[in-house]
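Working notes for the structure below.
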């Protein structure tokens, strides 16, 4: 397992390299001059050129890339163009809120989604199935920012149950993770429903019944594990989207996470921060894929043992 | 008359399909005695599996439903049992082996768990004792390294081994009746020979009744005491195995036996039954075989003959107008 | 005569910096902290490098300059108790206040001031404030309490710039280096506690603050809450004691709420549309005037600003130095059509209007589009992301290359000075990319006056020059003059003393929780 | 011909009908029957058809001019005159919703179709040819996947300038990698099918195998995914609007209406509720139809 | 004599291995699906390959038709080495070799009409117009015992046997000289199976076809073949004419195989040779003779050295040390 993981991780390096080049080209292709944006509207040309010199933005692109890569490889992500703060500081403070947010979203989305999926599958084409389907499809039809705003209006302003946002207590995370998880929950519910339905048609489920097992064992032990294998893959992919897609939720709920950091950095063309963030996104995406594969192996002995 | 182990009478199973429903099994009668192997043969789709699933009441996840007849097992009608009582019987008195050893075992659970499930459930053994019993069963079906195999996953075993595991599982609670639905069809001949050998041996040791479903007449000839031939959801002939092969009565049975290429038979051309099995949803009114029957008469197309015991032989029945005259006078018509 | 402290240095007549502590109570320090929700992140805590208002607000809780602003953007003495300006306008002499200590315990003295100015001027540091001090030829410290600045040429706005420069402890500058942006050490009423960029800044009461009895709250927390709806929700739930900006749309809703107080002030932020005077049809002054007549500014305030704003009556806000109100351009579509016809566009014309993509700007552009449609001018509204827009504007190296036609935008002079509200926008040396004269407005008189005003050491003279400038530009109409923003903040009713100044910075010195 | 009687036994030749029972309703018909079985999906499909009609004839259906402001009737709640109330400019929200249908549908449909076309081509190539192609395309989609959507969107909108088509492209680009992956996996399994191997063994060119045999296999996944994704595209476009990167800001589109109106949530909620509800219903409908299509096209689900 | 003897297909020491990943931890390993087999098929003859599942029959079939490229060895078709041809060069050759597949359900594209299915090879290889193709398709359908009225239908409307006829019609459409039939009847019911077997025999007579017939069913193979090759784990263990093979199997595997076939006659009681154990994995096959782990007459040498596949009597080749006189001699020493 360890060697496999290592192998996979090493295989990631070229990908990261490609990503870094693309990212670099891409963000430099986007119009907008960070020097001008930082300097502000009333800046003089001299001032702007000074900033460009200081940041090395007057160098040819390839030179900038080499410098950047050199520093990155040395573990120096540089300083934010906009605030002058070390990029590592910025990342350090914004990663955890996003990680918590996504983990919590994922957790409840998985639990509820699987539950709905299972109930839907067991009561296939009966009313619990219809209700489950409706709930799950509704979950993916609501715009996230809208759901967030409504939740705040109802649960914070009207009822005063939970804080409107921030990251002060675990209670601050309730609404954001509800909002963020809604779509994923729906996805998982739908995938687990269809994969459960498929699994329930398998021969070994019939075998389990032929043994005289009770229904909950048939479903819970024999069908669920097998469906999980497929659901995990979907959930893993979604996880990547979660991390990247938390921008809106972080904005609505004032969570100082990497999503918001990214938006801000993009708006100000804070190249160093964007580059670092994108490498993190890429690495995270790859890591999650790897994790999914490993989990896949844990759940699926065929892969684990052969 | 002595009580049979299993008595199936007028069993009828329908499937919902589209708007209406089709009758996959349309009034099947047969019986199995203790220690007897009954073969159930017939073409694909004639209702063999549905019959066996109906007996086990395993139609839950299909659109199928038993709509008539009775399945008496040691006197009790299984079709009338509550789901709970039926669960108690399944895996215990009645065990089943399925055709596909590759897919009938749960790929993500260890052999041990799957084997001990029915043992703990029906025999009430503890985990440890159940495991010992499971190992014993694995040894019984001739699996080498039983102690290791029990902790492995199905995909680590070959097809033949898996089918042995399935057999061990089915036999683990000393069933009185074993239903084997094409247990060797998916296996290679050399492995099939091993498995058939094993089943024969076990059957003799355990004294249980067996319903062996197959389309391979060779297997029937080797394994069975009596044979029931099905066609289009109906029993068309029933006979002791020797007589079936030496003197088939129903034209379908005849055609079937003649169309099988036999080793060292050296015929230029094979006989064959023309045409195809009729579609379940569009059954002709008369004899279901009439359209393919070389001896079909007008009568055959018009009305369907009944399954009638034949005179001169014990336990012979046939569903054909041609053999009606051989019928036992005043015999107990089904 | 010598022009000393035209704002009355000794008196501290404004409420904000009043050293006379009549209101002093022990309960002021009762351990209450307050939370202020703002709409963007605090970028840096380096007072010499902060360019956005919230960073400036944040820095000002911990840092003070020799001078400061009151709530009308008038200059007031802070760390300097007095100052003198020589007649030639080249020498500025500041007398420093006694007994002021930095948070790290070191003394505030003239050496500290010099160290700060050196830091600002050091090219290596590349600080935003540097350009404001480029005219400083030398800084002398004849004694501990006196600092003398000598300028290379007269600079009318110099005092405003001095007011922008917060004083950092020289020891901290030495020790922290660049990290000073994360760990501020100043003389201000609050001491740095904790800062997570993007989330919050916490500052605590400075127990040794030189103004007796201040501050009256134990701590101040700034939280960045970008979403309008969330910010107001926090105010309603009491999670925030003060929010700025208060979303204009929501004002009417909370106005009846007795727990919430709304405060409105006119700002220095002006909103306008620049018209590229080098491009047809905007090269004709009649067309430009016609466009100005075509806008119903009352409706503009009502619709776009939810009634919270005032019409722009000059090139700058009334809160800006040397403001002079101009008459005219009342809503008159008939006259507008007439002017257009006179200019040879009886059927109007088509044009593009550019702007950023925030909802407020989009709303404004839509409004303008609707209004101009009445006189036959069809606008194509192009809202662009800020960086892109800036590139679109600044990629033209000469007026001929410029693509810009109309740009709906706002401007606020960073230190409330008239030069800042004029030069960059109307001087012909400030065509993009050098500056923000996106109207490509060129009037030789105006160019000359801008230089003259800058050198004028007499405020009265400066005032009259700026009046000429404003009048001329108003008539030339290189802009459509739209409105002046109101600064609207919301606070819990039990909080007083938190003020937003016309430049948008938040002052918490007098914050008090009842 | 001699073969004529082969295997037909001695009896008289049977009529063809007896050989193969007449059930040649065709797959399309069967699919339609299956689909109509699903009530929810059917209702949703009707709703979508309605949307298309509204999109086509929008300008003739609006009770008011959707762009005419009425400064005396700002943010009025629903009434007999204005069924869905008026917005912050006093414009009739219902008219704007009707008018916005066209733009919203155009953006979402075209972006999904673009994604589908490119994703399908890439998926087919990558799945069919494997090897170098496959690695390139899949790594490419990895890269795209690991690129945050938002950056892509901003980047595209920023590079190409604002405007409808660029939002379409931005939304489309998100969709390409997932389409490519789905189609790739379908292609991989279709490639394994015996009938594809059979075609190869006949000596067919790759192009023929791909377009005649594999592409039709992927069609049902394409259809299902398109219908599912349209909902997602509506949401994505709305999210772009939320971040200020929407389509044309002056013409109504639902997402822009929703995101521009959100500042009024607590004072004039109808400004947000109606666009929100419309988006919800439309996305729901597309998802339900997608679900229904999947069930109807899935050979495993019997009736 | 030489000219006459040129076989239609000649396979020389053909090898094919697949890279298989062992789990997700392991490296990929070669799986020698076909490991050095040689045989020849004369024009007009039916040559059959039998063996257990996974022994490489289908792989051989796909190598012969060049659906797979061999790792080693050569395939000669009609006097031409086709094992190194490119896809493009191979295309015209395919006109002369067509395939019939095991699964009549999966080998017909469910989306195509029967007439299009049947005429697809014609479309690929000739320039006939659509009309001519339709006409040809109808003729072909009649040839295989279907009706021209079936032409407009879709495959799902047919039963398994009928579909297999469609598959055969398709293979016939370009008048190939060789038809490779991979388990063409094993998915069919016995009653239908015999129809198809008869059809294949008739077509061979009428059109002078050559068959490479792949099956695991010894009875079927005996019925249809002229010569038979028995495969075990990627190698040929014995080839012989039908008569000799069934009368007097030489290789112990062939013997066991024959004795394992259940005979549909309850009166026959045979002495069975029941092999022990399972088929070893082709990823790491046993050393020496591949069959030695299950062989009832295994000797010492079998474990060490692989026997050579050699002609032991005219038209008969075996790979077994039992028939290896020199080896036997060596062994005795």
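For clarity, chains are labelled A, B, C, D and E in written order, and residue numbers in each chain start from 1.
Criterion: a residue touches a chain if its C-beta (ideal position, glycine included) is under 8 Å from a C-beta of that chain, and two chains touch if they have at least 3 such contacts.
Just so it is clear, the model here is predicted, and its values are computed rather than measured.
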{"item": "Distance-maximising chain from chain B - centres being C-alpha averages", "value": "C"}
{"item": "Longest centre-to-centre distance from chain E, chain (CA-based)", "value": "C"}
{"item": "Inter-chain centre distance, chain A versus chain D - centres from mean C-alpha coordinates, in Å", "value": "24"}
{"item": "Inter-centroid spacing, chain D versus chain B (mean Cα positions, whole Å)", "value": "49"}
{"item": "Rounded Å distance between chain A and chain B, as computed from the means of their C-alpha atoms", "value": "53"}
{"item": "Intercentroid distance (Cα basis), chain C paired with chain B, Å", "value": "90"}
{"item": "Chain D: positions in contact with at least two other chains", "value": "7-8, 19-20, 23, 154, 158, 259, 262, 265-266"}
{"item": "Chain E: positions in contact with at least two other chains", "value": "159, 161-162, 194-195, 198"}
{"item": "For chain A, residues contacting two or more additional chains", "value": "30-32, 149, 153, 157, 201, 305-306"}
{"item": "Chain D residues within the chain A interface of the complex", "value": "40, 139, 142-143, 145-151, 154-155, 158-159, 231-232, 235, 238-239, 242-243, 255, 258-259, 262, 265-266, 272, 276, 279-281, 283-284, 287-288, 291, 294, 300-301"}
{"item": "Touch list for chain A against partner chain B, complex", "value": "200-214, 217, 221-222, 225-226, 229, 299-302, 305-306"}
{"item": "Contacting residues of chain E [partner chain B, same complex]", "value": "52-53, 159-162, 189-195, 197-198, 201, 216, 218-220, 222-223, 246-247, 256-268, 272, 274-275, 278-279, 294"}
{"item": "Touch list for chain C against partner chain D, complex", "value": "228-229, 232, 247, 249-250, 252-253, 299, 302-303, 356-359, 362-363, 365-367, 369-370, 381-385, 387-388"}
{"item": "Chain C contact footprint on chain A (complex, rising order)", "value": "30-33, 36-48, 50-51, 54, 82-85, 89-90, 93-94, 97, 149, 152-153, 156-157, 160, 163-167, 251-254, 256-257, 260-261, 264, 267-269"}
